[in-house]
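Look for subunit A in each of the two complexes below; its partner is subunit B in the first and subunit C in the second.
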Partner chain A sequence: MTRTIKRLFSYLFLIIASFISVFPFYWMIVGATNQSVDITKGKLTFGLAFYDNLKNVFTTTNIAQSIVNSLFISIVTTLLAILISSAAGYGFEIFSSKARKKLFHFLLLSMMIPFAALMVPLYRLFSRLNLINNYLAIIIPAAATAFLIFFFRQNTKSFPKEIAQAARVDGLSEWKIFFRIYMPMMKSTYAAAGIITFMNVWNSYLWPLIVLQTSDKMTLPLIIGNLNSSYTPDYGMIMIAIVIATIPTALVFFIMQKSFVDGMLGSVK
Partner chain B sequence: MNKKENRSGWGFVSIAAICILIFSFYPMLQSLITSFQSGMGVNLQFAGTTNYKRLFTDPQFLAALKNTVTYLIVQVPIMTILALFIAVLLNDNQLKFKGLFRTAIFLPCVTSLVAYSVLFKSLFAQDGIFNQFLMTLRIIQQPIQWITDPFWAKVAIIIAVTWRWTGYNMIFYLSALQNIDPSIYEAAELDGATGFTKFFRITAPLLKPIILFTTIMSTNGTLQIFDEIVNLTNGGPANATLSISQYIYNLCFKYTPNFGYAAAVSYSIVVMVGLLSFIQFKVGGDKND
Partner chain C sequence: MKKILAILLAALFCVSVTSCAAKPNSPTSNTDSVSTEAGNEPTGEKQKITAWAWDQKFNIAALKEAEKIYEAENPNVDIEIVEFAQNDTIQKMNTSLSSGTTSGLPNIILIEDYRIQTFLKAYPNSFKDLTGIIKHNDYSSYKLDFMTIDGKTYGVPFDTGSAVLYYRKDIIEQAGYTEADMADLTWEKYVEIGKAVKEKTGKYMLTLDPNDVGQLRIMMQSAGTWYVKEDGTTPNLQNNAALNEGMKIYKQMVDAGIAKSISEWAQFVAGPNSGEVATVPTGCWFTPSIMAEASQSGQWKIAPIPKLGAIKESVNASNLGGSSWYVLNDVKGADVAADFLAKTFGSNNSFYEAILKNNGIISTYLPAAKTDAYNIAVDYFGGQKIYSDISNWAAKIPSVNYGLHTYAFEDIIKAEMQNVMAGTKIEDALANAQKQAEAQIQ
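What follows is the complex of A and B.
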């Protein structure tokens, strides 16, 4: 094979792969403007049903409330998770001792625990605490994850320890060093961790499905699931809901593409 | 390290550590205990290995196990090879529009699992766009019953999952490829190495740790597959796509709750995750580690 043919093949393959990757997004946006019956028939052009679909989804479902719920849960969880996990990542790296190293490796094991093994006991735990149908049941278990701690610990390696040392000599307390020096210096690490966590929480389905039981408490993915599982799903409405659910994560991705990709890579470096 | 610093160290790590102990390790232990208990709802009694014995004769569990393993052994290799192939193509320095291709192929990762599952359900409709496309290309004569045929429903799920995760894996490979010093390739070229030799002698061995990492992640993810199954096929037709996670969910929240048996089923996933990760480490891990 000559170089030119090889190159042509590369472009052809990448164009096809890109097309396949992007096409469902086009499909979803076109779908939001079409009637359900046209969508199942595979209509590929924009229609006139956008306003009707939008009106229908907002009048027949709790979607407005669910957007508020999803935002609230995602933002609170993200803030709490990056605060708690970054403190741990910082602690494990800066105050490294034998005992804490062992604890760190033990905590990492939790990444291997499948959620399937946790859902029964967690459900029973939260029902004993009377926290079923309460956002706390979603927020609290997500407040610390081994992945985030690992992520912050890896990134703390680039934090100059001499600065902490100098601040200590100046009489700053350990927590003040963390809040006033570490946090502002590690902004991009926090941004990446925040994006990853926000996306995970925003998109999570199984645990909220178990815990949230009344429709006024439901998050966006649950509303989409309900629309989809009705006897005759209205795809026009579903497409609008999917577009709404995808906007925040797509926006976050495009605005912060660089730190997002770097953040993902940080986990394997 | 002095005493005060040591105390601060524990201060920083303790909240997170306690959270993980309470919400991961403790439930995991409790799940193990529950798996030896039996009864409906919350009235549980010790039942020895009854639940585990039941696993082997439960047709629904066996179907779910078979389906989940099928997803695993078909989907993970396809996705890994595809992601690796795309990453190698994108790693070409002379390639134009590199950023555009990368962004496009990574884009599926921004959708939620529920959203893309529902999206694919509409793509796979009987007179939907997928069948129309295949018929226009004359690949098929009649529309495929994607959602209602036991075989094609599985294929639909595998296609959907591959669409969602290939770009994600590709990013990891791409970053690893960019960390490889180009002079290694130049030296190999001087020695007369072809594209294939370069890939199998240089690229593949250097990417081994990343491939190991991504396949373990994908294996874990696939063994726990839930959102896609529920929203694309809802386990049907006749349990042909039912996954283990969905079966556990059904046992707890759809049928009369049987927490003991559900816990036993969930431990089948624990065992598989542990076993497969162990094998992957043995096969793919660096022996010097």
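What follows is the complex of A and C.
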């Protein structure tokens, strides 16, 4: 009897928790099908305005271009970031040197500097390089992060070093060991790092806002920010833009879900 | 492995191609080099100027209308309009100007009236002095104080945030009051009507958001005072009678249960749209949000904003929000940008007629108020000539220097308002607020 009650409570808790987690998604999707005035009134059922909202968002904003821009920036940054950070993480763990520990601690310290403090000097730097309103200004600062290097280094601890040594004995170069042995074995770690980086870059707002200056270069979050800044916001349009913004991250996550879990646990294939 | 390398190489190739392609069109590619020759316009070649603003249906719609007019007469000028959210323009301006470069900044920028002094004082010489270029006497006087420093006026006043009282005629009548009762109200009478509305109809009189004390701004400006003294920096909280009185009425409205508590903008809009509230005292830019609910057409009216009965300087006119245009000095094209503003926002009645008809934008350009467009009877408001009414009330708005600390001091007041709601005496709360404000500016 007590067990049944306990189970009942845990199911009840799980149902409530699931409802709380799923409700924002439900609200977003329902909102995308309703008119702005219905959304403000809190209508919770599907409406008939989906097509109108979709048409409005594509005709009144530069959203199509911004999706391409966001995808381009996110994909290139993710590829560069996981390549550079994994090489650094691998290097920190595999090769020993006297300065290694100090250098790594120095790297970790850099994680504690808030981005807001770096923004002005970074802007000045990219302005001098004539890279304002250029995607490189977004890609370069994100192409290697202390967190990713740390993440790769921690996961590399589970990489069997004997394999690298054996390969070295067999005459394989360091680059080949990295590309042919380390990379395939650490697939799950790459997947997890890829998802984290893609989501971060896809959602990033502040820095792209600062460096991008023209409509044709804007990313999707900036377009959504603009929609929200109207005196009379069209919530139907905002909701549909958010649905569009959610799709790529959701897709990336669902496709790589299994590897992501493995990667976060630090498993080696 | 080869595949991964191939993808990476392709990606890098794309980056380099994009970056190369971006340079000729990039506004940054020429600004640094021309900063010393700003204002010297090249002759014969196509001149491009850039403007930043927010809201497609409002400010950007006005810019596009102005662009049509100006480009028709000046085919050698291209105006590029870029939309950035209001807070984002502030963030971008601050980063750019504090990094000591105008790289990437636009020629024309829209800035909210409450914020402009901060920029004018923090970055002197960054904005073009428009005295003599724009006839500033043609604008409502309350729009000029905050944009004028040492006799130099830097902006082109744009929209009015003239505060009005939107009210549901049918609900007010059910509560036993008439249209005549709503004219020239005091806040004290407003609370009394609110109690009757709640009692007889079960509806709330208004919504109040504890994180938005815009009501206090309306009340203060109606009496010609602000969070700061006339110098724009000295805190004016402890002995500010209008603020004290405003906080008292705010508390009365909450205690009487006539105010529905809300937490954000969507709920604010939902109040009138869902029929839950009888009135909305706010800036006149709220008209499209009221009109969004087609089923309530004919039931809404507008009246002048209530005044503070206990403060003799208080009038039935005030302001909430509003913004103005500014030209950046050190960005190439400053003179063309000033000319564009002078020939459109600075003098063109038909332009103002068009933006009123198409977008419901009420300007602070006084000659425009005499045009026919302002006499349109609006069916949604039972045939009331709302634009001419708002324009007439706007002319009576007391002038206030918003100074440097509107939002910073307002954060202090918000917290103190919560203490007042919890039982702290208003005098004590304001004394505490004054100390915090003084400490903050030291």
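Following the convention adopted for this analysis, the second predicted complex is superposed on the first by the 243 of 269 C-alpha atoms of A that agree within 3 Å, B and C clash if a C-alpha of one lies under 4 Å from a C-alpha of the other, contacts with A are read in each partner's own complex, and residues count from 1 in each chain.
The definition used in the following text is that contacts are C-beta pairs under 8 Å (C-beta built on N, C-alpha and C of every residue); 3 or more make two chains touch, one makes a residue touch a chain.
This one's a predicted model, so the numbers in the text were calculated from it and none came from an experiment.
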item: Superposed partners subunit B and subunit C on subunit A - clash or fit; value: clash
item: First (subunit B), second (subunit C), both or neither touched by A:182; value: neither
item: If touched residues of subunit A are counted for subunit B and for subunit C, the larger one; value: B
item: Which of subunit B and subunit C A:159 touches, first, second, both or neither; value: neither
item: First (subunit B), second (subunit C), both or neither touched by A:28; value: first
item: Partner chain(s) touched by A:131 [first = subunit B, second = subunit C, both, neither]; value: second
item: Subunit B versus subunit C as contact partner of A:150, first or second or both or neither; value: neither
item: Subunit B versus subunit C as contact partner of A:215, first or second or both or neither; value: second
item: Partner chain in contact with A:139 - subunit B first, subunit C second, else both or neither; value: second
item: Subunit B versus subunit C as contact partner of A:228, first or second or both or neither; value: both
item: Contacts of A:92 with subunit B and subunit C, given as first, second, both or neither; value: first
item: Location of subunit C clashes with subunit B - one stretch out of 56-64, 254-262, 326-334 or 362-370; value: 254-262
item: Subunit B and subunit C footprints on subunit A, overlapping residues; value: 39-42, 119-121, 123-124, 206, 209-210, 225, 228-229, 235
item: Subunit C-touching residues of subunit A, taken from the complex the two chains share; value: 36-37, 39-42, 60-61, 72, 75-76, 79-80, 83, 119-121, 123-124, 127, 130-136, 139, 179-180, 183-184, 206, 209-211, 213-215, 217, 222, 225-226, 228-233, 235
item: Complex interface listing, subunit B residues touching subunit A; value: 1, 5-6, 8-13, 15-17, 19-20, 23-28, 30-31, 34, 42, 85-86, 89-90, 92, 94-95, 100-101, 103-116, 118-123, 125-132, 163, 167-168, 171-172, 175-176, 210, 213, 220, 223-224, 226-227, 230-231, 234, 244-245, 248-249, 252-253, 259, 262-263, 265-267, 269-270, 273-274, 277
item: Contact set on subunit C toward subunit A in their complex; value: 1, 4, 7-8, 11-12, 14-15, 18-19, 22-23, 25-29, 32, 50, 54-58, 80, 82-88, 91-92, 95-96, 98-101, 103-104, 106, 265-267, 269-270, 273-274, 285-286, 288-289, 292-293
item: Complex contact set, residues of subunit A against subunit B; value: 7, 10, 13-14, 17-18, 20-22, 24-25, 27-28, 31, 39-42, 44, 84-85, 87-88, 90-92, 94-97, 100, 103-104, 107, 110, 112-125, 140-141, 143-146, 149, 174-175, 178, 199, 202-203, 205-206, 209-210, 221, 224-225, 227-229, 235, 238-239, 242, 245-246, 249-250, 252-253, 257, 261, 264-265, 268
